[in-house]
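So, here's a batch of structures to check.
Note that chain A is present in both complexes that follow, paired respectively with chain B and with chain C.
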Partner chain A sequence: MHHAHIDKFAYQDSLIHRLDCRIKFMVLLVFTAVVISLPRTSPGILTCYAIGPFTILVWAKIPLRFVFKHILLVSPFVVVLALSCPLYDKTPVTVAFGPIIWQSSLGWMRCFTILAKFIVTMSALIALVSTTRFNDLLTGLQRLGVPKLLTVQLGFLYRYIFVLIDRTHRMLRARAGRKLRNLGFKAELKIAAAMLGSLLVRSIDNAEHTNIAMQARGFDGNWRTISKLQIHRADYVFATAAAFFLLVLHFFVKPVVL
Partner chain B sequence: MHMANELLSLPVATGTLAIAVASLGFVCRKVRQIIASDKVALMGVLGAFIFAAQMVNIQLPAMPGTSGHMVGAVLLAIILGPHAGAIVISSVVIIQCLIFQDGGLLALGCNIINMALVPSYLGYFLYKTATTGQAGSLRAYLGTMFACVLAIEAGAFLVPVQAALSGVLVVPFSTFLITMLGVHFLVGLIEGVITVAVIAYLQQVRPDVVPDSLPGKVRLSRKAVITTLAVFALAIGAGLSLLASDLPDGLEWSYAERPDQTDFETAVSNESPAVVAVDDFQSKYSPLPDYSLRSSAIGKIGEEEPGVSAGWTSFAGVVGSALTMAVIWLAAQILRKKQPQRA
Partner chain C sequence: MPKAIELRNFSYSYPDGTATLSDVTLSIDHGQRVALIGPNGAGKSTLLLAMAGFVKGRGKVFIDGLEINRKNLKKIRMLLGSCLENPDDQLFMPRLFDDIAFGPLNMGLEAEQVKARVADALQTVGLTDMADKAPHHLSAGQKRAAAIATILSMAPKIITLDEPDANLDPRNRNNLIKLLTGLSQTLIIATCNMNFAGEIADRAVLLDKGCIIADGAAKKIMSDSELMTEHGLEVPAELKEENKTSLKRK
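Take a look at the complex of A and B:
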């Protein structure tokens, strides 16, 4: 079950993991905003921006194969739309890249820019998620002003996703074991509805039990965690370094050059 | 369909993010008035249920090899009421972004609007209008079906609108719109059929669960919904008509020289150095492309680079970046090998 290990690297330990999640989140937000506002037809410049997330991923010891596999997994929609660009924008351009000069179209430039931006922002997002425990991230988000109801909801959701996904996997395996061929749409629908319905009823019952247990322990709608967030000197250093990185790229690496 | 960062421009992304954050804050306040803290667990677990339900796939008729699954927004809105349903689906979308990296961080606003807020409220409203109370009748089932199709279509309609307003894609708006609506008509039909089947099953097994019997009654005033829809329609209409006049399509690039490929031959040559310089400046210094101060460009005319050297600088940039990453990687490998020896 590949889902169950999707943020397994968040529980490692490194300098990056120990940074305050609020700083990391804000840096990610700014970085993403800067990357998507870059010009739409110059893919080359994005390799310079890729250095940022790359450094963090390597420093935090996140295997790059995991990152690429994950990006590939979520890419289909973007890839289809990016590949449709060359079909509609056929303005010819001459691309000069070092010793090689070739003819291409603006659509391809757009296509590669979209794909490059996708890879850069996705690896930055993966860098945040796989270096931050989700509960810490939620506490940080709540401090940043996200409504408590929403963070509590997200915490619950995160706690139960993997439980219910495992349960569903078992149901799917049972269905596959009993149903050896396609039974026609009507029968299939009936089976699926019964699966979903019983899953729903069981979830509601589960929630009821959880609720009783929580009430018994005095839950009043507040989420108390032992993760205490503090901004240390390392966080200031990280924020400054990130700002320096973005400013250097902004002022010294011009899209016109690439 | 998850929107990605890269298909949006910064103004559209931040605008939709602001709308989504504001409406989520409003909905959270609303829900806290309606729901006691003992429903928090229920909402959380039902969010997880949506995840699990999306894994249960059924084979589609007439299209062998393809299978569909439910999205769940309308089912949840029917069971939990629109406000709580919207929060649960929004949290699902947020988790999909943060844990599973479906859709980007800045596209989160778009995704919350398209997949959580619009389907929940519109679906619930249509369901309520079409069914008028009695569950289990043919009319209720047809109403549910109708609500599902329209709710999904409305969300799908917003994706090309947002993409067109951003102007990143060059796919014509109408083509994209027709494709999205066509695909999502099928998605909506499947969603409708499964939702109806699940509700029918629940009616037999647990009749107490069906139509918003769970957390206190929620009322959506018809006037409020219609006003919201009208405002939405006006805003979208205004945005699209603005777009029709200054959409940055292929034309924009054919009359001006491409600044990033300096030796690109202009289709309609406009050799006036001022125009060239303005475009040059625009892509050089603008933090937001297409929004730059043109007046300050005049002073920069002399700074153009000849085409060949531009090619070499780009080459140097890419190779330099790649080398930097290689050095970082090697350094990390060496440091990591040393560490266990010390320990």
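Take a look at the complex of A and C:
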């Protein structure tokens, strides 16, 4: 079955794709921390911060439609949180976006800030996963000191989530093929529980087989991989450019606290 | 010279008491290609697991003269490569290269040696350009070939394969037959597909209800239509034709 993978552009080739994933990850981490720690600010300031990830996305030839589609996919929780702000904070404020000035409420400004920060940080995250192969990312995380147990679990998750999705689709299809009438909420719930149980049992069965496959190839509890990560001059240039970008924004573009 | 595989009066029952293998005695020489044939639930997969030391029952199992026990297990893993029925169980790493390198790395080989082994294994199965692919991006035939490559990279003397032709279309099945017949290792293949078994094996072991029913030349056993029907199997198409021709001649 075909899946829309979040890392489907990670196998392209560009200067950004070739950068060491550790540098990209560290830049993402610092960038996200800076954006999140910005006080409530005007739209112009956050637009300046958005220049960073979007420049990388365009440079790496990642379609912006793909980026926005994935931001939308994970947005519901944040949207609900953001849209609740105007309901409880109606303090009037004056907002400026360049020469345009208008009246709004503090709640709406909070809502905008949450959404804008979410879009900016998510686009930076998508820029990382779309320009880095998942396997390299795991190796990079390991080299940065993330516990092996966690990276191994992430590796298994990435490997088997699609197998699980395929299996669920097949079960749903089999159910749809035999479900000829509306069964009512209670019966549907019972069927859903049985399906979940079946998925769980089959996943445990899978895990046992995978364990056999690992032991058959000499696995003794120590996870060994060949790492080919190396930091080059381009990585230092990228890190310096990112630091320069953040410093310029920090010192010359002062956020307007509302 | 020790036998590649030797089972002496091996029996195994599931924890609920269901007997899966009963008093199995079997020896396989180096270089043989053996088809373990039998209906579903005959005990073929369990027998393969017993050969690799994954199920412990009564009786003894020897691999290349080494008895399967805790002390010999690491050596046995290097001698005998097991390929499971579902390639998704066999391919568990996010990248094919790492999956194929997994065994050699656990054997303690140096990085350069591992890379060479991965390249050789990928070339043997015809997936040279796929090293950087994630397993879920491969087709069913490619997954099967990749699963075999994960074993080949360890350069074992013996390879066991559980239903390797499952879910393969004719083209991929033919590619697999070519691949397996080109290998020099001792092969033990568990299958219900008699046409597939007939193409590869020179010896057949018929298993039913956990017991060995027949053991001998593959053609001889698989052309016995009465025996095959009695145990829920069929005579391969090629042998059916041969039988017809020889009857006509008579």
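The definition used in the following text is that the second predicted complex is superposed on the first by the 234 of 258 C-alpha atoms of A that agree within 3 Å, B and C clash if a C-alpha of one lies under 4 Å from a C-alpha of the other, contacts with A are read in each partner's own complex, and residues count from 1 in each chain.
We take it that a residue touches a chain if its C-beta (ideal position, glycine included) is under 8 Å from a C-beta of that chain, and two chains touch if they have at least 3 such contacts.
Nothing here was measured: the structure is a model prediction, and the numbers come from that model.
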Contacts for A:Asn206 in the overlay, against chain B (first) and chain C (second): which applies, first, second, both or neither? both
Report for A:Ile101: first if it touches chain B alone, second if chain C alone, otherwise both or neither. first
Between chain B (first) and chain C (second), which, if any, makes contact with A:Arg133: first, second, both or neither? second
In the superposed arrangement, which partner chain does A:Ala216 touch: chain B (first), chain C (second), both, or neither? second
Count the residues of chain A touched by chain B and by chain C, then name the partner with the higher count. B
Pick one for A:Leu15: touches chain B only (first), chain C only (second), both, or neither. neither
Looking at the overlay, does A:Tyr158 come into contact with chain B only (first), chain C only (second), both, or neither? both
Pick one for A:Ile226: touches chain B only (first), chain C only (second), both, or neither. second
In the overlaid three-chain picture, which partner chain does A:Leu72 touch, first (chain B) or second (chain C), both, or neither? neither
Tell me the contact category for A:Ala243 with respect to chain B and chain C: first, second, both or neither. neither
For chain A, give the residues common to its interface with chain B and its interface with chain C. 134, 155-156, 158-160, 163, 206, 210, 214-215, 219-220
Applying the document's contact rule, which stretches of chain A touch chain B when the two form their complex? 6-7, 28-29, 32-33, 35-42, 44-45, 47-48, 50-51, 54-55, 58-59, 61, 70-71, 74, 77-78, 81-82, 84-85, 87-99, 101, 106-107, 109-110, 114-115, 117-118, 121-122, 125-126, 129, 134, 137, 147, 149-150, 152-161, 163-165, 167-169, 171-172, 182, 184-185, 188-201, 203-204, 206-208, 210-211, 214-215, 219-221, 250, 253-258
Contact residues on chain B for chain A in the complex? 1-2, 4-10, 13-14, 24-25, 28-29, 31-32, 37-49, 51-53, 55-61, 64, 70, 87-88, 90-92, 94-95, 97-102, 104-106, 163, 168-172, 193-194, 197-198, 200-202, 205-206, 209, 250, 253-254, 258-265, 267, 280, 283-284, 287-289, 305, 307-308, 310-322, 324-325, 328-329, 332, 336
Complex contact set, residues of chain C against chain A: 49, 52, 54, 74, 77-78, 81-82, 84, 86, 88-95, 97-98, 101-103, 105-107, 111, 114-115, 132, 134-136, 150-151, 154
Chain A residues within the chain C interface of the complex: 3, 11, 133-135, 138, 155-156, 158-160, 162-163, 206, 209-210, 212-220, 224-226
